[in-house]
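I have a structure I would like to understand better, so I am pasting it below and will then ask my questions one at a time.
Chain lettering (A, B and C) follows the sequence in which the chains are written, and residue indices restart at 1 in each chain.
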Amino acid sequence: MRGLRELCLAPAAAVLAALFAAPMGILAAYSLMTRGAYGGVATPFTLEGWRRMADALYVAVLIKSFVVAGISTALCVLLGFPLALFIARAGARKNLYLALVMLPFWTSFLIRTYAWMFLLRDTGLVNTVLLGLGLIHEPLPLLYNWGAVILGLVYGYLPFVVLPLYASLERQDPALEETAADLGARPVETLFRVTIPLCAPGLRAGAMLVFIPCLGAYLTPDLLGGGKTILMGTLIQNQFSSARDWPFGSALSLGLMALVTALLWMQARRKGETLP
Amino acid sequence: MGTVLELRGLSKRFQEQVALDDLNLCIGEGELFSLLGPSGCGKTTTLRLVAGFEEPTAGEVRLRGESLAGKRPFERNVSTVFQSYALFPHLTVRENIEFGLRYKRGGDGRRRVKECVEMLELGDKQGRKPEQLSGGEKQRVALARSLVVQPDVLLLDEPLSALDPNLRSQVRAELRSLQRRVGITFVFITHDQEEALSVSDRIALLNRGRLEQVGSPRDLYLRPASRFAAGFLGPVNWIDGIGVRPEKTRIEAAAGGAGARRMAATVESSTFLGNCLHVETRTESGQRVVAEVARLDGVQSGQRVEVAWAAEDEIRLPE
Amino acid sequence: MNRLLTLTAVSLYAFLHLPLLVLCAFSLNRSRFTVWEGFSLDWYRAALGDGQLMEAALNSVVVAVGATLISTAIGTLCAYGLWKRESRAFTLPLSLTLATPEIVTGVSLLAFFQWAFRYLHMQLGMHTVVLAHVSFSIAFVVMVVLARLRTFDRSLEEAALDLGATEWQAFGRVTLPNLMPGVIAAALLAFTISFDDYVITSMVAGVDSETLPMALYAMARRGANPAVNAVSTVMVVGLGALILVSERLRKR
């Protein structure tokens, strides 16, 4: 019986080894090399790639990434909570309402990002309507700025926070809220003193689920931020394309991986709050 | 009567936990044998070792004199009726019953299926899916499915526990008569002593992975080999090291008569149970003695009485 | 407070759905600009007539079908093995592949392929895209199938063994048929995420393997073009339908 299990796991082990572990290993090796003349890498081995991460320029990018991811996460939690609460209290139509949150999420990330370009660009719908109504005379610069990036991230990852929040609200015994009301708490007080503290695990899991992808986001800052918003993801991509500095790009990638792993580990350490 | 199934020094350890410790048993041809014990006693582990779902840490299972060591479940001619019945939800009743035919050839499979379907009265249920069956019907399908492969031994894991309580005694009787008809050895796993006493030819009582006693229901009930065995098969009053079952204990007026088999006591409470009166008393030396008596009148709390019993009803544990 | 909550929820649903609905609506606009000038299917015709776009769509289908078949087979077997006995040696790397930022997956695979191809004398192309997609969709398949297996009664397999079936026969005749809705759900999910991926694909694609998301990305960057809306609408409706079917199967 042992043999069957190992046989079943073998192909997946091969894929993980060849297409996950080995590429990470290559990045580790490249991060210790010198940049090649036309991209790629060359000898000698050096710690230069890692050292450059401490440059003020790149530290600023890291800080900016954290700030953007932090703001996006906070907004997601702020918006996701009422949505999760609404779904949890929706009775028989819960599943429909939940599906309505998840459906756009699974559909297409690229197209959902493009939808905001369509709305926000100078000739986009928002500007066209505002111009048509005579409210403005020049198109507003809505796209290619930090606001657009954060908007795109919130839009993209809001469902991530709704799902675990909904799960922990759903598990809550309604008698607890009724007891609070019974003891004289008004609805708002019950919300802040009972409901929200009780779904802290869901809040943490949801926040982590949003923060991790936001930290490494590439497509959203690229499309909605234009070239003006450099975050970690964009910086890495640049090293492998225009800048042709693979060693530095490799070091940055592994640095980002380490951050993500540390965040995951922090979350996994909490018993029973592992990420799905 | 020849031995069909023999367990020799069977032991199973899960990491540090000893689930079964040196079990030796011989189960005879055509016997209805029960493995009885509280949860965690090792009875389910025994079943899984016999069926081949687990490998023993030590010892061996022998079927018709042949060791089953290293044989996989599908190479063993034993069959299991699972506690949950484990009917394949994607197959019809008929397909469930025929499942084993593909692998255990030999003999006239079609005829056996027909016989089992008739014997278990499943004729009109054959096209149904398991989810459309009642608990009793599911059990009959599971039995038919196992009997079709003509096992040397049929293992039944708590076969009555998933049934409605007021159906159990009826199904118990049906199982008993089914076993008589097919003549296959049944090994019945249960934690319910009443169930075991009522259906079995013999019972093995297990406790904490060890065999406490093996014998006929009468043996176990009347001549338990240990305090545990006595207590597990029914309530016992222990009076100065001698055991007496409540239904064998009499309550008599305090006549002051002294003797080895009577004792002065005070009634603490009495409860009417319909078919008898449950009387709790305490002797002068402070021992609690319970009696179940047919007499329904005249006992009040605080009343001074004498508890008495006959010498032949005493349970004497071996030294 | 309940009315306030409902109002908030309605606005959030609008926030989630309106951008896509507007995008789709304007694919039916006659004008090239974002001013409604009447209903027309011109942009769908334009998209269909765009050879490069159609080739990219075909590439996407080929890649997604290939990656889905491979990752569903491997992922299902892996989930089955893990269901027999959990192993952190698998669950940890699998959840790590889920959490790895796409751009990191992309560059690591690019670096790996470039390195390996120096010895193998191969080039980036459809095969590298398929391999990359397999690498990130396996974890989704394992997740979905394992969730299904967790509701599967282990004694059903034991019953099959008990009746004489070998492990493989028990897997094929009992476990797999009961697992099928989960496997199909996983396959549909894998297809969707493979079909939609841009970031990783763009890193490992060769000159002959432009996918639909890559083509859309290029067009979107170039400027307003309602043909993008038309293609997007088709993708949203198609992938949305797959996801709905997938969810249905998972709940069953």
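Criterion: a residue touches a chain if its C-beta (ideal position, glycine included) is under 8 Å from a C-beta of that chain, and two chains touch if they have at least 3 such contacts.
All values reported here derive from a predicted model rather than from experimental measurement.
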item: Per Cα centroids, the chain farthest from chain A; value: B
item: Centrality ranking, top chain (CA atoms only); value: C
item: Mean-CA-position distance for chain C and chain A (Å); value: 18
item: Length of the line joining the C-alpha centres of chain B and chain C, rounded to whole Å; value: 54
item: Chain A and chain B, separation of their C-alpha mean positions in angstrom; value: 58
item: Per-residue overlap in chain C, given as positions that touch at least 2 other chains; value: 167
item: Shared-contact residues (touching 2 or more other chains) in chain A; value: 1
item: Contacts with two or more other chains, residues of chain B listed in rising order; value: 72
item: Touch list for chain B against partner chain C, complex; value: 51-53, 72-74, 78-80, 82-84, 86-90, 99-100, 102-104, 145-146, 149
item: Chain C-touching residues of chain A, taken from the complex the two chains share; value: 1, 4-9, 11-13, 15-16, 19-24, 26-27, 30, 40, 79, 82-83, 85-87, 89, 95, 97, 99-104, 106-112, 114-119, 121, 123-125, 128, 132, 155, 158-159, 187-188, 191, 212-213, 215-219, 223, 232-233, 236-237, 239-240, 246, 249-250, 253, 256-257, 260-261, 264, 275-276
item: Footprint of chain A on chain C - complex, ascending; value: 1, 5-6, 8-9, 12-13, 15-17, 19-20, 22-23, 26, 33-35, 73-75, 77-78, 80-82, 84-85, 87, 90, 93-112, 114-115, 131-132, 134-135, 138, 142-143, 167-168, 171, 189, 192, 196, 198-199, 203, 213, 216-217, 220-221, 224, 228-229, 232, 235-236, 239-240, 243-244, 247, 251
item: Residues of chain C defined as touching chain B within the complex; value: 153, 155-156, 158-167, 169, 173-174, 177-178
